Amino acid sequence: MQTGFSLAQLADSDVANSEEILRTCVHCGFCTATCPTYVLLGDERDSPRGRIYMIKQSLENDRPADADLVRHIDRCLSCLACMTTCPSGVDYMHLVDHARRHIRETGHRPWHQWATRWVLATVLPFPGRFRAAVAAAFYARPLSALLRRFEPAKPLAAMLRLAPRTLPPRSRHERPGVIPAIGERRARVALLRGCAQPVLGPGINDAAIRLLTRRGFEVVLPEGEGCCGALVHHMGETESAETFARRNIEAWTREIDGEGLDAILVTTSGCGTTLKDYGFLFRNDPDMAAKAAAISERAQDISEFLETVDLGTSHDRPPVKVAYHAACSLQHGQQIKDAPKTLLARAGYDVREPAESHLCCGSAGTYNILQSDIATQLRDRKAGHLSALDADVVAAGNLGCMVQIGQAVDLPVVHTVELLDWAYGGEVPPSLAAARLA
Amino acid sequence: MSEVIAPADAAELADVVRAHAARTAPVAVIGSGTRASWGRPVDAGQVLSTRAMAGITLYEPAEQVVAAAAGTPVAALDAELAAHNQRLAFEPPDLCGFFGTDGEPTVGGLAAGNLSGPRRIGAGAARDSLIGVEAVNGAGEPVKAGGRVMKNVTGYDLVKLLAGSFGTLAVLTGVTFKVAPRPETERTLVVRGQSLDAAIATMGAALASPHAVTGAAYDPGGSATATTALRLEGFEGSVNRRIAALKDDLDLTGEVDELDAERSADLWRSIRDVSALAGSSPVWRLSVKPTAAAEIATALGPIAPVRLLFDWGGGLIWAMVPDDIAHAGAPTVRAAVAAAGGHATLVRAPESVRRSADVFQPLPEPVMRLTRAVKRAFDPQGILNPGRMYRDM
Amino acid sequence: MSELAVPEPDANVLARRDEIVAGLRSIVGDDGLVDSQEGRRVYETDALTAYRAVPLAVVLPRTTDEVAAVLAFLAREGVKVVARGAGTSLSGGALPSTDSVVLGLSRMNRILSVDFDNRTARVEAGVTNINITNAVAGQGFFYAPDPSSQLACTIAGNIAMNSGGAHCLKYGVTTNNVLGLRMVLMDGTIVDLGGEHLDAPGYDLLGVVVGSEGQLGVVTEATVRILRAAEGARPILMGFGSAEAAGACVAAIIASGVTPVALEYMDRPAIKVCEAFAKAGYPLDVEALLIVEVEGSEADMADQIERIVAVAAAHGPTVTRVSQSEAESAAIWRGRKAAFGAMGRISDYLCMDGVIPTGRLPEVLVRVGEICAGYGLQVANIFHAGDGNLHPLVLYDMNDPAELRKAEAAGADILKLCVEVGGCLTGEHGVGIEKRDLMAAQFSAADLDQQMRIKSAFDPGWLLNPAKVFPLDGRPEKDEGAA
């Protein structure tokens, strides 16, 4: 599109970057077709094209973020389905990131929205605090039905409903350390622990560690590593996101400079997208740019990595029908569409895909807390499609999706790597054992 | 009898119309008059014929386009197209036998009547092949619409509006059609002895198959055996393969026959020209959704015996009713169509019946309002074929 | 922004904005109304962003009754209405004016019923084109007209513009595939035209509504034909040393009696850009590329391909590639399908949409090149060789107003050339606002008057999608009283 930024405006690197992005958009409207909020709400303002247009108006005119911009950018899932669809290569991800910063800095929010965001940013990225919060949620859960009736309290109600009633047993791999390869060591990889995953799904990384070490990879859980920063980044809290990112970059750089790292593996695809974006995040920082780029180059989703690895022959197991849920961060954010399915098929699973597989399940980080009405509609739509596959289990590559979908399907929901571990000599995932599939 | 004027060219024709418009004097518009009795009787002191305006004005086989003056005989156009291995895709009928008239149907008549044969189900109607017209409206103004290219969305599609308007909106002086290749050969699969229900199901299955069926008709037979006919056209090898595949798909019981090219062409010509209903008894032409055909047949029970012919997979029903039924059985026919959806036209009946009946399907009020407004937009004085389609129009 | 004339906004309407908005709110509720300045701005344009105007209000109704109530109200208030599908028009079809209300159909997006026995589907007008095919694909059917925007464009827009697509060579355009529709006239009257049966009972009103660019009524439902998909499809790629050779080859293919399902042509600049982006393996040393696709059973396709290759041989293709696999078919099409996106990555461009007799292509290509060079602009050409629809892509810098004006002037000259050689101004995109002022190049005053009288027959107050299609002068005085 035609843009009208002044030279003064373009002196700001973020604005200059966004201007380039805006120029690539030709306003063709293809993106509207695959945008979950447009599909649900039918309003141009809730489509990528409409959001792009509003962001353009706001930035070009040096206006503080107005109510429309805030409301409709808040409703954006950042699922990035639009980027998969866009024929012009519009970098919507970085544009909406900029918009969120702009909203954070200049937008008006009612006090309760600030409060909710503050709670999320303070609790979720820290496993200790998060664990305590989940425990407390157990007692407050009955209040959620009442809270849901008040608009300002909806996020709190959603949090209470999402919190699991019981937590799985803790992993023995919670602390930093090195798990040696079994047999000859082929390579050395880091495995991101993350923040919510160790609390809600410790079995995922445990399965990954078993599988990797069995195949000759030494797995490092680096000292000083923490939340990748995606959560606060998606709330427009750039400084906070950079703090988290910097800490991780330093932690991994130490390993790279020390014994070396062949890859940094991620089992939560939402985090993977962010790690791969570290290079962009620090592109203008002379101290960090090179290190960040090095990290982004090494970051791989577990499925991306395992696809290139010889996993051996799969072990005899009863036939299992797998409904594969393609997480947005994986299929759209990282453009990894085939690897997980190929891996599952090679392992002998009957892999089935739901209709509308490009549409988000509504988890989208903290979206299912902040926009619970839309998230629930998307969740139920996705659950319906998955249930129609007549499968035994749902497999996904992202914890957020697993929690979200788990609320609405009657099937066990596991991580792809758990199924692969089982297939190649590991233990059956507990929920599958419970469903008597093994 | 009214005097017939046959202007030599469009300019002369426009003069005639203008003169009549000035005096609000009605004029009956015909090509060669072979289908003048399709519609209500027109009371006009003057008959205006386009038959003297004949001749192909443009023919570019490589562009698949032919244009001709409206009075050009269809047979002449067909012959020229055939010489280049092409044809009009919509299989225009020759209804002289049906109406018991003499003469050469004209290309203008094809367009004005939207006359389409059995291949309409695959290749579209006359209005789908018509890509351009030159005409003179009721004020005597020459107007053109469309052009000589297939893809044309410049302005409103008046070509569609004029097709099938029976000379009541404008007098067509020139028509441009897109043409299609003539296939190497054709064959027809014939199934005998099917009931109407079975035939509708068979034709439906054939049309829903990927084998490109270009004709699907059913003749219950009257006194002879019922015949279901399915036509395939194309290159010889392709037709043979597809007819075998179709037989396989349909899994037919009963007597099944295959007609070679010549017998197939003969059969479809007679279906196209409604030969089985030659005569003078009243005939209705119904356009319905195919699955309603059986329901319609039953609903016509009260005016039995009715000789029926089904084309377009059941979507086109010809119904010949007994001579002695009052109003050609209009109340029964209209009720049948009201229940099943679609519409009915009384295409053949004695003049007195056509004068008193609603020959064309009566329309719901909002549609009639638009119809009248469209008529006024072309023919403000109402001089062109007044009353041909609707009593007060 | 560009400089096409727009009528003066109705000051009376602007002054009564609050009342009008209140009236709309009482019909569609808060949820169905876009009232804020910034919200309305999002609806100020479609895919032709050179033209923009913030509408008075935007309504997003959910039912035909709501549409009828909105139109009846706005008719009483004398307020203009611009209907909008997905806003993908390339001719400004959904462009509002500051004194008009945008009526968006995107919320009316349900598939109402599918009838495989009669081979029809009934859908709300806001359903996207591809979603009709998606609804019937499981049974082996499809909805034939497939514009390249089919992912996002709605059947409402398709009906308004009489859209085509790659399949239209064999299966026709929208008007050949629509059997019925429900529409609302400007005075709120709901009218049903056609149905599941094939022919019109009287005048082909359905035929004139299709392609009437939202100016005769607002279509809220449509009944369309669905067809059984062929067993398979396969492309052949051929490269030629000259446009003449490629054009002659096209004519020969048509004469041979084979009916391809698609016949696409790309010139050297288009090939270069597509190949750089899509890496489909296109030859870069040819003047013209033809992609011909055939359909049918394996044996039928093999037969058709053999005939085409034999016929083409006489015209000396320097490259002939017959697809031997799904992967190869995808590769052959990959470049062509990415053409518009690929072009957009190197430059802004105006996509023109003229039609010419196919045989005139070589000379037209030369003259198109000359026209653009005369304005100092580059051009690449995509051509639907089967039906003569030419898409010259005129490259320019959108941030330079002078270049935009030159590109538009070049576009206008190109379209006039199309008419001059016997073609027409637009084959797919419609007139909209983009070609409004070129109509006199194709139609006489009497022709335009006749069309405008039809407009008055449907919408005597000229409130629906005004300022489009017909040049502003020569319009009839508003018929205030009639309805």
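Letters A, B and C mark the chains as written, and numbering starts fresh at 1 in each.
FYI, a contact is a pair of C-beta atoms (placed from the backbone, for glycine too) under 8 Å apart; a residue touches a chain by one contact, two chains touch by 3 or more.
Treat the numbers as computed from the prediction; the structure is a model and nothing was measured.
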**Message:** Just to be sure I understand: the centre of a chain is the mean of its C-alpha atoms, right? Then which chain's centre is nearest the mean of all of them?
**Reply:** C
**Prompt:** Which chain's C-alpha centroid is most distant from that of chain A?
**Reply:** B
**Message:** Using the touch rule stated at the top, which two chains are linked by the largest number of C-beta contacts?
**Reply:** B-C
**Message:** Rounded to a whole Å, what is the gap between the Cα centroids of chain A and chain B?
**Reply:** 62
**Prompt:** How many angstrom between the C-alpha centroids of chain C and chain B?
**Reply:** 30
**Asked** How many Å are there between the centre of chain A and the centre of chain C, using C-alpha atoms for each centre?
**Response** 38
**Complete:** By the touch definition above, chain C meets two or more other chains at residues none
**Prompt:** Can you list the residues on chain C that touch chain B in the complex?
**Reply:** 115-120, 140-141, 161-162, 164, 168, 172-173, 175-176, 185, 189-193, 195-208, 210-212, 228-231, 251, 254-255, 257, 259, 296-297, 299-300, 303, 355-359, 384, 387-389, 422-431, 435, 439, 442-444, 446-451, 453-458, 469-470
**Message:** Under the stated contact criterion, what part of chain A meets chain C in this complex?
**Reply:** 1-3, 23-24, 26-34, 38, 42-45, 49-50, 53-54, 57, 66-69, 85-89
**Item:** Residue ranges of chain C in contact with chain A within the complex
**Value:** 1, 34, 36, 38-39, 41-43, 45-47, 49-50, 60, 86-88, 104, 106-107, 109, 126, 128, 130, 149, 151-153, 338, 340-341, 344-345, 348, 398-399, 404
**Request:** Provide the residue numbers of chain B that touch chain C in the complex, in ascending order.
**Result:** 60-65, 85, 114, 116, 120-121, 124-125, 127-128, 137, 141-145, 147-161, 163-165, 169, 180-184, 204, 207-210, 212, 235, 237-238, 241-242, 245, 287-291, 312, 315-316, 341-343, 345, 360-361, 363-364, 366-367, 370-371, 373-374, 376-378, 389-390
